[in-house]
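Residue numbering begins at 1 within each chain, and the chains themselves are lettered A, B, C, D and E in the order written.
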Amino acid sequence: FTNEPTGGTVTLGFNVPQTGPYADEGMDELRAFELAVEHLNNGGGCLDTFSSKALKGNGILGKQVKFVTGDTQTKSDAARASAKSMIEKDGAIMISGGSSSGVAVAVQGLCQEAGIIFMAGLTHSNDTTGKDKKKNGFRHFFNAYMSGAALAPVLQKAYGSDRKAYHLTADYTWGWTQQESIQAATEALGWQTVNNVLTPLAATDFSAYIAPVLNSGADVLILNHYGGNMVNSLTQAVQFGLRDKMANGKQFEVVVPLYSELMAKGAGANIKGVFGSTNWSWTLQDAGTQAFVKAFGAKYGFPPSNAAQTCYAQTLLYADAVERAGSFNPCAVAEALEGFEFDGLGNGPTLYRADDHQCFKDVLVMKGKESPANEYDALEVVEVTPRAQVEYAPDHPMFAGGDLGQCNPGA
Amino acid sequence: MNVKPDFSNSANQAATAPAFLSVWDLHAYYGESYIVQGVSFNVHEGEILALLGRNGAGKTSTLRAIARLGNPELRHGEIWLDHQPLHSMTSYQAASVGLGLVPEDRRIIPGLTVEENLQLAQIAPPIGWSIDRIYELFPRLGERRKQEGVTLSGGEQQMLAIGRALCRDIKVLLLDEPYEGLAPVIVDEIEKTLIKIKELGITTVIVEQNAVRALELSDRAVILDTGSVVFDGSAAEVLENEELRAEYLAI
Amino acid sequence: MGILEVKNVNKRFGGLQALGNVNLSVAENTVHAIIGPNGAGKSTLLNVLVGKLIPDTGSVMFDGKSVLGRAPYEINQMGISRVFQTPEIFGDLTVMENMMIPCFAKRDGAFELNPLASVGKQTDIVERAEQMLIDMKMIDKRHMHAASMSRGDKRRLEIGMCLSQQPRLLLLDEPTAGMARADTNNTIDLLKQIKAERDITIAIIEHDMHVVFSLAERITVLAQGTPLVEDTPDKIKGHPKVREAYLGESA
Amino acid sequence: MLGLDKKDTTLLIVVAVLALFAPFLLNPFPTESALAQFNAGYPDLMQRFVIFGIFAIGFNILFGLTGYLSFGHAAFLGVGSYAAVWMFKLLGYNVVPGIILSVIVAGVFALLIGFISLRRSGIYFSILTLAFAQMSFAMAYSVLTPITNGETGLQVYSSDNPLFQTATDPNVPHLFGLVMRESYTMKVGAWSFSFNNGYYLCAILMLVAFYISIRIFRSPFGLMLRAVKSNQQRMNYTGLSARPYTLAAFVISGMYAGLAGGLLASMDPLAGAERMQWTASGEVVLMTILGGAGTLIGPVLGAGFIKYFENIFSKINESTLHGWFSWLPDPIEDPLVWLLEHFIGGGWALTLGTLFMLVVIFLPGGLVEGGQRIGRLISGKSRGTEDETGKPAATSHPAE
Amino acid sequence: MDDIILQILNGLDKGSAYALIALGLTLIFGTLGVVNFAHGALFMIGAFCAVTLQKLLSLERIEVSATEKTAWGTPLEIKTPYAELWFGHDFGAAIIDWSVPLAILFAIPVMLAIGYVMERGLIKHFYKRPHADQILVTFGLAIVLQELIKHYYGANPIPTPAPSAFRGSFDFGVLLGFDAGSIIYPYWRMVYFAFSAVIIGAVFAFLQFTTFGMVVRAGMADRETVGLLGINIDRRFTIMFGLAAAVAGLAGVMYTPINSPNYHMGMDFLVLSFVVVVVGGMGSLPGAVLAGFLLGILESFASYSPIKNFFETWLFLPSIDQIIIYLVAIIILLTRPRGLMGRKGVMED
């Protein structure tokens, strides 16, 4: 199979955005990867809390773990170039990382063709394990459907069942799938969807999209934006006084379905009281989380982001699967990961579902904190939505159309 | 105080009074091509000097070097104007000590009207004739004052270029082919103007293909050939010396 | 009926009547000079002829066909070539390349897609261009960058480029301005020779009366946009109005 | 040879030899050594070198010869890629139809855009081309998702059922069974060299493209294009119509871009919308200027230069640096690593930016001028004797 | 109707941002003839002047808590801004609050200095070089500046809020006789609009009512001849460049509360500002400003969903908001050869 490790080392490829708007997120992922490699080679961290005890802290299958890094630039072309260089030049056996769904899908496709395992980093679009799912690719991160399923009950509790929602949606695949998921989940509560306006990815000033919300009859604004788009649209929504406004006799509200710590930081005080969801949070109290946060905080001096946690977990999961399979062969690894249930990496008991390679675990509903104690404390956990509530059938229409295909071990 | 060096044993054979503009051993290059190859001459105050030579002899290049334009690059030589060392100045500094050049292709500034072209000459001191006075000299310019300078007819542009030089209080006027493209009547006019300018005490160096006319006007003449001085003497001498004219001026 | 018939052409620039009811007929195989004071509208008239300007009213017929409304390159392909008042050459190319371009235009027409042919192998073109350079006494400059020639040389090159097209009507706008006397005489000889060798009509604008009277068979005097007189050179020379308005005392 | 003069033939042969032996030349360091990081001889990067070389050669035909600076050439690269991937989806993984169609589609697209944009010149032309390309990008990214698959990029799905794809055909791009991604790896001592099918296909096409570009430079057509750049006015009054010439150049260079796009897709069957973004158009402009606009070989050098730094420097990370300098005492090692860290990994752009500035400041004619200077140093010729017309050699022989 | 008024307001604001950025660019690009790809970077640096000042003002004294620990086991740090320590809690907090307006004072000298150094050290040598070389060198510079900022401030946007006094929004609805709250407009955006108007007015006054503008234009057309007339054109070019840098920087400073600044914000605006300048016409300041407002307002309207829907259903042009600027640019450039008010001969070849 491709890049079978022959010497005393095995090389993993960490492909993260190092330039472009998500460079900071990429940096954080890289930190987590380095930490994971350290723990794989020397033990420590979540190796102690992980329910599977296959990892010994002596590398993978006794081979010392080395890693190479690359820059995705958050462009599918560049990400594939970088991944190819890891595969062709450095002999990487697994690729992980990434900070956007487009890139994840593109690199996942490449890994499938090349016969390499792809452990996706941050990717939230339904497509990654939906219509673009691949036998060689695995996603630990949650997805848009799950965000909707987790958020809806909380929103209902906080804002009631009689709400009129106005969506602003980033005009590309991830935005569409998230909007679709949230609309479905909120409409199931009895909310109405007043309008859905697509905004260009390149937009920085959203005033022209936000102003019409004022008189649209809506009383909730849902921002299906990520990164800089989200920081700007939320900031501007607050500037336009949406959150001070009464509509239909109710307090006007803003919701950001997908949060990240860095975005929260970028939006500053504007996120106070705004609901959203994340994959994980460093403030969780379970043992796995605490072990990871401690190790990360001790090394870098600040807590990890949920993107970082995903990358860390993905690296351990891959290594563990290799140990359990007893082979680096991607097909064996995939088999070991499929249907794998584990605990101790944060988020409680987790399942890597065999049908679509999607992880199922608890999802966090977050809220912007009113008075953060420090700069890493912008978000607080409102609810840990149990896994059962966000599960869906593998043939759910939002995920239809794809085919895992055959495992490809490559050359 | 800068002191003018003593050039008494220089190439200037006609030195009778102390020179007002001294050009000593200029060597100038366009990139790597060596064009002005050791030109020296002196001009006395209030004199008109004709600088003659065939096409490509280096007349324009010499004038440009004196005016301290970057191209050709002056690599060696000294230029003194009324005790001021032009060779260590840039072109705008040279202009500010009283050097004026009417360049060969007139160089009317695109995008500016006739009047703006004149105004531009009156921004940096020393300032000479008023714009109205220029219009008196060339009424045609007055009529066209709002027109964009570059759309003037060839001759009108020439008037503007000369007018622009007069807008400044110059001590030395360098004219590169001032008669080119002018109707004979206008040439007569300009000739009269040059005489007037001379009466005002302005020293003039004139480069002209119409050598006879230039010589009739001038006190002295310098002839260049392939970048060096081949003759330096009185204008009358050139007019009389058939051989010289035939060899270097083909007239 | 001349080869070129200009009828009732008017052209205004804003408030200025640059051409007013110009009627002109140039007979085939003659040299026709257009003279007149600066700003009379001579260059404007040429601009109308080559399609650079469109007149407000009037008609221009060349060889029985109207040139108005045609693009400059079409007019050129009809057989009209023009030398500009300020040299228009391909400054970035070598002299030889400059000369080859009109030869290609003559042979291949306005557009020819031959991206895989080789310039060097077009022997007919190379020969023709070389011959023209020899005729213009510029063959030693063939590899020179056109922009770095002196101005007189640029003008000669431009004339050569126009001649190499073997136009039926050659328009010359002050072709010898700034040219040394010797070269001016050469140019006159060249034009005479070409005139003698082939059927060509020449319309020339010049302020140099030596050139005008050596070449012209007929002369039109233009003043303030309207033809003042048209006659043979001898008559024009003695015409009092012309002397007063244009030639001045020097003629 | 081949209708070229001696100098051009030599150049072509040199380029051919370089391209043929690139797998050796680009992998000078033993695989396990610390310097192996700087090896560029792996298939993907080698393919990129030649593909972007083609792109830049084509761009140079327009920009270098006519001076028309298109800021939207990436649009043609993009449509070329899309066309090729669509061929894979519809017909099957043989690259031939894809490459042919990519050239044709890009040519047609260039004809449309060029026809409109060439009504203006100078900066107005640049902005028109930019506007068309940005519109194409925006549409490809969102509205045209059914055709382009938007953000994710167009790819072949197993559900596509191509018309001519039989069960025995490779399920990846191939040339009549020769699989593009496959390589033969040769191990010589500590070195390893890989010879990739796709690379050689691209390299051969690049040589053809390069050869055609030499012919264009030396043709009457090329002369006319340089005349356009030099003086359009004179051109018009010499009986030549500039528009068809510039349009032809635009279409030809668009076809080159389409070929590059088709090859990109053939090497890696995915076409992303970012390929059409202004940054991609800007990149080819930079490649051409960096290498030396208007020179034959410059654009190829520029393309290689940029792709090298993008792909090699972005992969160096802090621990690699520490690995290299661990022999230094800590007080020296740490500051050194701190300094170099700016230039590697995510800082590769800083390296590139700095090099852009250094090159353009010190080598006004681009990398080609650098080469000439080195050449002069070696041959010991002084600059003054280079040519007697007084014009520096770089500009008077624009095709060196 | 109220929505229309809102879109006009939004358009004016967006337009004033475009106009302000384009104004700075056109001073360098349209007037000095330098294709300055680093202009976006200057805008970005202006914005980071505000960030820097905010950071400086809120520099904190760090005390390590003896008892409390963080979740990862290190001792907790207690931070107090020096400003509050020195000026008392209220005044200190007010200074931090007002950091964006204060940054104007900070940015002017900084930007002038940057402009000066950039022009003297680099651009000066490129006036006579081909535009292509200018593109390469300024693009390189832009990357360098951008990467340096990224290195020290990270890639993430940094919130820089307006002073709390400007944080609310103004209710035009009542003023214009509509329902209360139907047309509200943030105070800071009104400030931004007013600020742009003042800057634009000041630059116009400087260039129109003095000969400075004419001299610089002349210098661009023909440096040599201007030098022959005794004018030190280099100095004026430097001043012009410094002025342009200051305008770009101020545009950046004032923009920070609207969009949290990040290191690539300059590149995001770069292309757009070139489009605005060229649509306005090369060498024309009023053109650039006019084009800025025109494109801003059109973009704002195209983003309005009824209009978006109209284009989608009737003209089969979905997402008109994404392409409107380019579409309008193409139409204008094809119907008017030199943009809206361009001068002849500037960058036409």
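One rule holds for everything that comes next: a residue touches a chain if its C-beta (ideal position, glycine included) is under 8 Å from a C-beta of that chain, and two chains touch if they have at least 3 such contacts.
For clarity, every value in this text was computed on a predicted model and none was experimentally measured.
Minimum number of contact steps separating subunit C from subunit E: 2.
Any chain that touches subunit B and also touches subunit D is listed here: C, E.
When the interfaces B-E and A-D are ranked by how many C-beta pairs touch across them, A-D comes first. Between the CA-based centres of subunit A and subunit C the separation comes to 75 Å, rounded to the whole angstrom. Centroids built from CA atoms put subunit C at 30 Å from subunit B. Chain contacts: subunit A has residues 23, 27, 171, 198, 200, 202 touching two or more partner chains. Residues of subunit E in contact with two or more other chains: 150, 319, 322. Residues of subunit D in contact with at least two other chains: 138, 142, 346, 349, 389-391. By the touch criterion given at the top, residues 50, 52, 71-73, 76-77, 81-82, 84, 88-94, 97, 100-102, 104-106, 108-122, 125, 143-145, 148, 161, 165 of subunit C touch subunit D in their complex. By the touch rule above, subunit D contacts subunit A in their complex via residues 39, 42-45, 48, 138, 141-142, 145, 150-153, 155, 157-159, 172, 181-183, 194, 268, 270, 272, 274-275, 310-311, 314-315, 317, 319, 345-346, 348-349.
Contacts from subunit D toward subunit E in the complex involve residues 63, 67, 69, 116, 119-124, 126-128, 130-132, 134-135, 138-139, 142-143, 232, 278, 282, 285-286, 288-290, 293, 342, 346-347, 349-350, 352-357, 359-361, 364. Touching subunit D in their complex are the following residues of subunit E: 35, 122, 125, 129-133, 135-137, 139-144, 146-148, 150-151, 271, 274-275, 278-279, 282, 318-319, 322-323, 325-327, 329-330, 333-334, 337-339, 347-349. Those residues of subunit E that touch subunit B in the complex are listed here as 211, 214-215, 217-218, 221-222, 224-233, 283, 343-346.
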